[in-house]
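Shared chain: chain A. Partners: chain B in the first complex, chain C in the second.
For the complex of A and B:
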C-alpha cells in the first residue's frame, strides 16, 4: 500500500524546497534535517495529539523504508521526534538524502490524505504554509461515499 | 424575531413558564447590564448553576468566556436586531464550545431585554483531541492490518500458482504413465493373440478370456491418458470403449450378436475402475459365450445413477438362465471373478431371467467411496 504517489512526492518536494530555501536566509536558525516534518508536527499534535503524531510518523517511516533502505537507521522516539537524520545526512549523498526525506514526507502526507481526506490535508498544509498556493497543495478529489441503494 | 410587549407586561414575559421546559438552553436578560431575568433548566444544567445563583446576575458573569457574548448582547440590545454566533476552534480553549442565537424583547419600540438560546454545544477540546488521537491510532492499526493482509494475499496467490503448476505437472505425469501402461498392456494383448493363433481352438478359450480382460484394463489406462482429470473416470466413456474392444476381439464381423450401450454420465474413482471394467468384460463375455446358441441376439450394457448408487446392468435377450450351463452363472461360486469384482466395487448383485426370456444381471455399488485416513 504505497502512499508515496507521484502527486504526493511532487507536493512533498515542493514543501521541502520551500522550507529549505527559507531556512537558508540570514536570519534563520541552522537548517534542520527535517524542516517540513518539524514544522508540521505541532499543528498535527493539536488535532490528533502527540500519540497520534508519533504513530503517524512511525507508520510513514515503515512505509518509506520499503523504498529507501537507509531510512531503517532512523527511528521515532517516545516524544515523536525522528532520530538519526543528522548522522545519516552527514554520510549520504545530498541528492540521495533529499530523496529519502521526500519519500518519507510523501508517505506522511499520503497517510493524512487516506485518513482525513484531501481537502482537510490541503487546509492543514495551507495553515502551516500560507504562502504555498492552492495549486501546489492539490491532494486530489474527495472520495465520496456511495449512497445506499 | 423581536418580541413586542409593553413595559408593564415585560417582567412577566421575560420569565414565562414556557421557558422552563424548553429542550434547548434558554435565558432572558434585561437592561443594559443584561441581568438574568429567567434561565431554564437546560441552561442551568449546561453551566451547572441554580436559579437562585443565576437570576439577577449579569449574564456574562455566568459564562466561562464572555468576550463575544457581551459584545453580541450589547449589539442586540442597542440595535434591536437578532444575531447569532457560531463558536470556532480557538487557541485559548474554553471548557465548552457554544453556538447561540439572540433576539431582542421589544417594548414601546425599544429593546428592554434579550432572549438567548444556545443552539449547539460541543465536548471539551481535550476530549475531542483524545478522540481524534484514538481514531487515528485505530486507522493506523487498520492500515497496518490491511497492508499485512495484502502481503499475505500476494503470498497466497504465489502458493496457489505453485500448487496449480504442481497439479498440472502431476496430471501430465499420470497421463504419460497411463499411456505407457496402456502401450505395454497392448503389447501383452498382442502376445496373447499370437498364442491364440498358434493354439488349437479347443484349448484357446483361456487365452481369449485373458486377452479380453487385459484389453479391458488397457482401455481404462487409455481413457485416463486422454482425460483432462485423473481423480475420476467417466463410466459412460469407459463402457463404450469396453464394448467396442469386446466386439472387435470376441465377435466376428459377420456375427449376429450386437453389443449396445446406454449410459448416463457418471464417474467412478480410478481404484474401482479396473474392477468395473473387468466385471463388465466378464458378464458380457459370459453372455456372448452362452446366451446365443443360434449366434444372434443383443447384449445391453446399461449404467445409470440410482440415488447415491450406480447401477450396472448387463442384459441379454438370449436363451435365459435355465438353458445356460449352471456352472457359468455369475455369483454362484465364491471364486467366481464376478463375485470378486462386485465385492471390490463394494456392491451387490441380482440376477433375473428365466428360460427363453434372456438374462439380466444388476449390480449396484456406491457412487463415492470415502477413503479412510492413512
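For the complex of A and C:
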C-alpha cells in the first residue's frame, strides 16, 4: 500500500524545505541527512515509546523502498536511528536524494494518518513545528475530497 | 453528547454559623453520564483512585472520559502509558468516541509513554519522570495506565514494599501538587484482600463483565470512596458512541416525594369502569390490567392516556410488543387523536424492544421521557414484554427495579397503568400468575366467558387499595369507541368467574338473549 499520496508528499516536502533552510542558518549545526525525521522522533517517542517509533520508521522504510530503490541500503537500528543516509547522500544526485527522503517522510506521515487520523497527526506536526501554518499541515484534504465524491 | 459541567460541587453543606468550618471536598465531574450521581457528586479532588477490573470492561475509556472532562490548557491531564495497550492503537480507538476532542490532545490532554523508562530503569526513575512532567505542566489530572504493569516490575525485583513505597511517594507528591490521580489496572477481585494498593488508594471503581446466555452485561461498583457517600451496589454500564454511561441501580429515585393524603379520582375514559372503581382510579395509583390476549388491554390503556390528554394531563406510553404506529392507528379508529398530542409534545410513545436492554437503562429512558413531557399518566404495555426485552442477565433484577420505579413514580403523583397477559383457564380466576401484583394498588381483571355459545368478555375490579370498589362482574365489548361496558350486573348466572357460568333458576321464557356481538354465520 502506498501511503505517500500527493498530499503527504507535499506536506513532507514543505517540512523538509523548512527544516533544511533553518539548518542552513549561520548558527545552526551542520545539516543532518534526515532533519525532519530526527526532529519528529522524540515527540513521537513521548507518545508511542522508542519501540513504537522504531516500528513505524521500519514500516515507512519498507513502503518507501518499493518506490525508491536506493533506500534498500538504509536500515533502522535497534535505537530507532535510520542508518546509512550519510553515505547514500554523498553518492547520490541531491535532487534524487531529496526525493527519496521526501517519499520516506511521506510514508511515515501517511502511516500516522492511517493510525491516529488526520487531526491528531496535524496536531503532532504542529507541536514540533508551531510556525508551520495549519493550512500547510492539513492532512485531511484528500480524505475530505474522497468523502465528497 | 452534552459536555459535563466543569463546575466542581461541594460535597458537604455549609456549616451553621458559629461552628468550625470543615474542609470542603470539591468534586471533579467524571464525564460519564450517570456516574457522578453514583459517586455522590463526582470524584473527590486530589484523591488517588484505582480503576480496576478485567480486560474489556471499559477502564481505559472511563479514564479518558475523566481526562477530557477535566483537562484545560492551564491544568492539563497527563496520561502516562506503561506497556499496556499500544498508544497508537489507544488513540485510534478512543478518538471514535464523541467525548474525544482532538483539539485538546497535546495541550490539555497529553499522552506520555513510560514504557522505555520502565523497561530500562527502576521505579525511582519512573517516579522522578512523573514528578518532572507533573511539575513542568501543572497537571490537574494524572492517569497511569496500566499501573498493574508498573507494579509487576517492582514485585519481580524487591517485592511488595517497593510497590507500597512507590504508591506512598506518588500519592504524597500528587496530592500535594493538587492532582487527582487515576491508576488503571487489570486486577481480579481475589487480589483485593492481599494487595496493599487497595488499602492505600482513596477510591476504587471496579468494572466487570457478566456473561449470561448470549448477553454480556457490564457492571460498575464503587468499592471504596473516602470522604463521601456513594450509591452502593452493582450499577449497569453501557459503552456506546459517547463512551461509558452508568445507570444507577437506584435510578436516582430515592428522593421521591411521599404521596399526598388528598388525591383526586381520575377518569379512565370508560364511565362505567370509573364507577366500578368507585369514581375513577386514584391519582398516583398503580393500576394493573390483567387479561388474556385479545381482551382489550391495550385498547383500555389507550383510552386511559387519551382521557388524560383530554383533561390536560400529558402522558407516556411505553410499548414493548406492538409498534407505536399500531397504537396510534387503534386510537384513531376509536376517534382519539393521539398523533395531535404527540405533535404538541404532550404525549410520547416509547417503543423499547431490543433484547439486550438493561433494566436500569430502560427505566432511565422512561424517566427521561416522563420529565420531557411532564407526564401525569404512564402506560406500560406490557410487563411481560418489558421483561422479555431485557437481556437475560437483567431479568433477575427486573421486579426489584420495577418495584423501585413504580414506587417512586406513584409517590410523585404519577398514575401508572400496566398491562399483563394472563392465560385464561376455565376453572378458576387468576388475576396474575405473574407475581407483580404486589406492585399495584388496583387490579382490573379481564376475561373470556362462555355465554349462549359465544365467547364474551367480562371485567371485574379485583382490588382497590385506596377505597371501596364495585364487586360486579360486568360484560363489555370493544367497539369503534374502544372498550365499552354493557349490561348491568348479571344475576341470572353463577360461576361467571370460571369462564363457564351456569344459569341460576329456570331459563326465561324467551328466546336466547340478543348477543352483544353478531354470531358468526355458517
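Please note the rule applied: the second predicted complex is superposed on the first by the 140 of 149 C-alpha atoms of A that agree within 3 Å, B and C clash if a C-alpha of one lies under 4 Å from a C-alpha of the other, contacts with A are read in each partner's own complex, and residues count from 1 in each chain.
As a convention for this text, contacts are C-beta pairs under 8 Å (C-beta built on N, C-alpha and C of every residue); 3 or more make two chains touch, one makes a residue touch a chain.
All figures in this text were calculated on a predicted structure; none of them were measured in a lab.
Look at A:48: by the touch rule set out above, it reaches both chain B and chain C. Looking at the shared chain after the overlay, A:120 reaches chain C, while chain B stays out of its contact range.
In the superposed model, A:59 makes contact with chain B only, not with chain C. Of the two partners chain B and chain C, more chain A residues are in touch with C. In the superposition on chain A, the residues of chain A contacting both chain B and chain C are 46-49, 51-52, 56, 115. Chain C contributes residues 86-89, 91-92, 95, 102-103, 105-106, 111-113, 115-116 to its touches with chain A in the complex. Interface of chain B with chain A (complex): residues 129-130, 132-133, 136-137, 139-140, 143-144, 146-147, 150. Of all the residues in chain A, the ones that touch chain B in their complex are 1, 46-49, 51-52, 55-56, 59, 111, 114-115.
For chain A in complex with chain C, the residues that touch the partner chain are 45-52, 56, 115-117, 119-120, 123-124, 126-127.
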